[in-house]
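Structures are listed in the sections that come next.
Common to both upcoming complexes is chain A, partnered first by chain B, then by chain C.
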Partner chain A sequence: MIHRALPALRAAPVWIYVILIYGFIFLPVGVLVLFSFQGSRVPVPPFNGPSLQWYEAVFTDERMMDALTNSVIVALASSLVSVVLGFLAAYALARHRLPFARVLQGFLTAPLTVSYLIIAMGLLITFNQLGVPKSLLTVGIGHVVINLPLCFAIVYSQMGAHQANIERAARDLGAREWQVLALVTVPMMWPALFAGFFLSVTFSWDEFIIAFMVSRFEVTLPVEIWSMLRTGLNPKTNAVGSFVFLISVATVLLLDFVVFRRKKT
Partner chain B sequence: MTLPAVEFRDIAMRFGGKVALQGINLTIEAGSFVVLLGPSGGGKTTLLNILGGFLDPTEGRVFIDGRDVTRMPPAKRPTTTVFQDYALFPHMSIAANVAFGLKMRRVAKDQQRIRTERALDMVGLGHTAARRIHELSGGQRQRIALARALVVEPSVLLLDEPLGALDLKLRRQMQEELKLIQKRVGTTFVHVTHDQEEAMAIGDVIVVMNDGFIEDIGSPERVYLQPSSRFTANFMGDNNLIEGSITDAAGERIHVETTFGGFSLTGKADKGAKVALSLRPEHLHPDAAGERAKIGTAKVVESGFFGTHHQCMAKLDGSDNTVKLRLPQKQMIRPGEALTLYADPADMVLLTR
Partner chain C sequence: MTDRPPRYLSARVRAWGLLLPAFLWTIAFFFAPLAIMGLYSLWQRVGTRLVSEISLQNYEKFFAKSFLFQSLVNSIEVTVMVTVISVLLAYPLAYILAERVPRRWQRLALILAILPFWTSYVVRSYSWLLVLSEGGILSNFLLDMGITEDPVSFANNRGATVVGFVHFFVMLLTLTIYANLVQLSPSYRKAAADLGAGPLRAFLHVTLPLTLPGIMVGAFLTFVLCIGDYITPQILGGSRELLLPQTIMMQIARRSDFPMASALAMILMAVVSLVYLACARWLKIDRV
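And now, the complex of A and B:
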């Protein structure tokens, strides 16, 4: 009896700790989602829903829908560019002897350590100097700057000596360089490329600072939400916030399903 | 006169300041099974990589079927490789793995199918065509790698320690199979291994490599029975090397004075030269017969049963020398027992380097 009671006793603080931590992380999101279904005009207790009226308001708001479309375009395009560039850089550094390889690798991953605010300011100044007008394109470039290092790091970590030997085998059997890349390396690295792409999508999807500083008329969803928040709290912001959260979760789940299920088999 | 399948001319390979290969001259007859044998770091894999086109030699030239291929990339060479880790394509089916080389050579689709089937049947895995790599065992992967490399009908097949990852029983079985397949297809095989038993079991010719040099080239029997250097004598199986010097030399007849006594045998060496005699454990006998000379009395230090024989270490009386010898299967021997050892000078091989 003592032996069984003891672990349970010791487990109690553990469980309290776990509940506190997860509550701390998820309570704000839970409250946000809950009050997106609010019946009245203010997203504060008491809850008197559920109602879908705020979701309807979001999906009939033309500016909101434009911002949503912009966000999707920026997320997909910038992630695609990031994963392609990241893959090529990883392939070059993993498979060829380059002068100053360590330095090049350091510079490629360095943006991971720089705050988005600094990157955004740098981009803003650079675009101004070059006379590049603020647009969705500049937002996309900004997102490539933050996601390329991520894609590079993920793909590079998966390019081992075993994969190099498999590429050697392809060459040995008569494959030309482009055939090695297209028929062997890319299909073999597919899980890493997929992971890089979808992580980039989630980062781009809810990125605010860069999108805010380098865009003007065409804005992404987080920027649109921000301008909506300036007019005060309203359950519509909860609805659109919940929607953004839902898409992020769906992307991560899809990534988990495709990449990690594959690994198990 | 037929052209040799492979010819290495004055090959040298240096990595930075480190010499990996030096002065390699080697001719490989078409249709032979050649084994490059040596310890790791001996240069055998480097030589194989030079033949496959994965490394450019620092000096010298490589010919395949009489054609200079020294600067030719692997994709263009008439060679294919079975890699140590097999390097199969994990994202393709077995059939697609085997057909890969044919696809690269733009062989017609129906021909691809027929030749792939034939190659899979050859290695006894025709029924696995639709499966994926991870569904196969190590031995099966090994065969697929062999089928994939042979299906394109290379002039020379390179095998880079292909049996290293297999357990002993499977390895012995694959050795026999490799030998049979080689005889059937008639392709020149160049096989790298550090396992001397494997080398003797499968090779027509053994090339012993050490420290970037070729130590010895010859048939398994020749290399084992008449090793040409101390290194080969030691590396190929168990051996006793007896150091000594030439006290008398007259034509082909020499007299060697060693710590084991003096022996007269056939061989060529200058008087006064420091030499060694190679005496295999199976050539040391506990009884006198025929031309056997007495080596001395010895005390058994250690004894082990090896199935086909007993292997013993024995210390010669009045010296610090221990020798390795083999006693018959049924002769029980205990440490501490005394033996009188004899050997036929004809079984002793004179080693001058």
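And now, the complex of A and C:
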């Protein structure tokens, strides 16, 4: 009996540690979501809900809804551009023997190693210098800068030799180059393209510092939330924060479900 | 392989054509802005005017003015603290997930461990404000337990910044270390045990060195992301003690001194590059 109990006893600190660290990880998120249903005006204990009034406040707030629309537009458009440019570059580098291929690869992935803050500042100074007005377009340009390397890396890593053989077969059967690309390569690379696109969407959707620095009147949702923080603790911020979280998790789950389930079968 | 030379040439031209859009985008919106920023850092702002004379004045000012230099020191201190604490907290979790949790539950446990990763950056720092600020969850808990008599605030200081950062980076490091641990073959440990090493010795001399690449990749990412972040210290740290990104934003927002802000950004990049060079040895092992 003692022999059986001993391992269990020795395992106890392990599980206590697991509970504590999961508690630490989930504490702020739990508090955020819980107090988004707060009945009174401050998101601190005691909790007197549940109430949906703050969600109502968010969805009837016109500025907030404009920011939401802007975020969706920027996320979809910049991710589409990123994945198309990333795919074309990955195809060129994986299928053709270009001189300095390693250098070009490093060149395209270089933005991954620089802080968003620095990318944002560089763009801000450049746009100012050229007299380009700050707008959603400039935010989208910035988001392509951070997401293009990601899409390129994901697609490039998935371009294997067996797909090259299938492309060659298509070419031997008389397909033109654009037909090979559109009708053979794209369908084969679909999971990687999908993964690149949706990861870019979640990154762009959450991105703050670039959107903050190179936008002016039309802002994205994180920037709008940022300006709400000036009012201090506010259940409405909880509500919009929980909503943003929900969208991100849904996107990630969709990605996981579509791409990884497909791979297994 | 039956391609005749002219067709081969056109294939190569076509490849360059496919590469070109991504290439031009990266030059126009990444490398060119960095170069312009580098140039700007050598200019000065005099009054409200930009003077385009090349000099190192901004960099001299950085070392001469204590509050500018101090913000770099603060940034490095906070970042090192965050990196060390995060590794110490994440390693046991990754180890337990990889070794103690049954295989079929591992995926779910890992997804749960990194779920808050997907809250937006701004919102995550705000959530910690809900926990740490006066009247918040922690203060209330202490009041209920009778440990304090009055509401206390844990926000607006370095500790709050560190907590906010550690929360994020524990998730990141758990991922990289877990990914490293599950690749290890158990036969290494068995061999160590067969050769007479106890569990502790086997861990210290076999498992730990083999997971060093995972630790280093995660620690490097932590360092880079942490030292360049403006949001967390701005929301949680208050304004009594500034970190480098906050000082950079202050130069832009309050003083619209773009040359000085550029110089500070270049210094930030230099620090990150130095750390990269220091870690490059381990970062490469992982790639091979």
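The criterion applied here is as follows: the second predicted complex is superposed on the first by the 255 of 265 C-alpha atoms of A that agree within 3 Å, B and C clash if a C-alpha of one lies under 4 Å from a C-alpha of the other, contacts with A are read in each partner's own complex, and residues count from 1 in each chain.
In the analysis below, a contact is a pair of C-beta atoms (placed from the backbone, for glycine too) under 8 Å apart; a residue touches a chain by one contact, two chains touch by 3 or more.
From a predicted model like this one, the values you see are computed outputs, not experimental measurements.
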Is A:166 in contact with chain B, with chain C, with both, or with neither (first, second, both, neither)?
-> first
Who does A:190 touch here: chain B (first), chain C (second), both, or neither?
-> first
Answer with first, second, both or neither: which of chain B and chain C does A:174 touch in the superposed model?
-> first
So which one touches more of the residues on chain A, chain B or chain C?
-> C
Check the residue A:18 against both partner chains and state whether it touches chain B (first), chain C (second), both, or neither.
-> second
Based on the superposed arrangement, let me know which partner A:182 touches: chain B (first), chain C (second), both, or neither?
-> neither
Per the touch rule above, chain C residues touching chain A in the complex are 11-12, 14-19, 21-23, 25-26, 29-34, 36-37, 40, 89, 92-93, 96, 100, 112-113, 115-116, 118-124, 126-131, 133, 135-137, 140, 167, 170-171, 224-225, 227-231, 235, 245, 248, 252, 258, 261-262, 265, 268-269, 272, 276
Would you tell me which residues of chain B are touching chain A in their complex?
-> 52-54, 73-76, 79-81, 83, 85, 87-92, 100-101, 104-105, 134, 148-149, 152
Chain A - residues contacting chain C, complex | 11, 14, 17-18, 21-22, 24-29, 31-32, 35, 42-45, 85-86, 88-89, 91-93, 95-96, 98, 104, 107-108, 110-111, 113-119, 121-126, 128-129, 141-142, 144-145, 148-149, 152, 177, 202, 205-206, 208-209, 213, 221-222, 225-226, 229, 233, 237-238, 241, 244-245, 248-249, 252
Going by the contact rule at the top, pick out the chain A residues touching chain B in the complex.
-> 162, 165-166, 168-176, 179, 183-184, 187-188, 190, 265
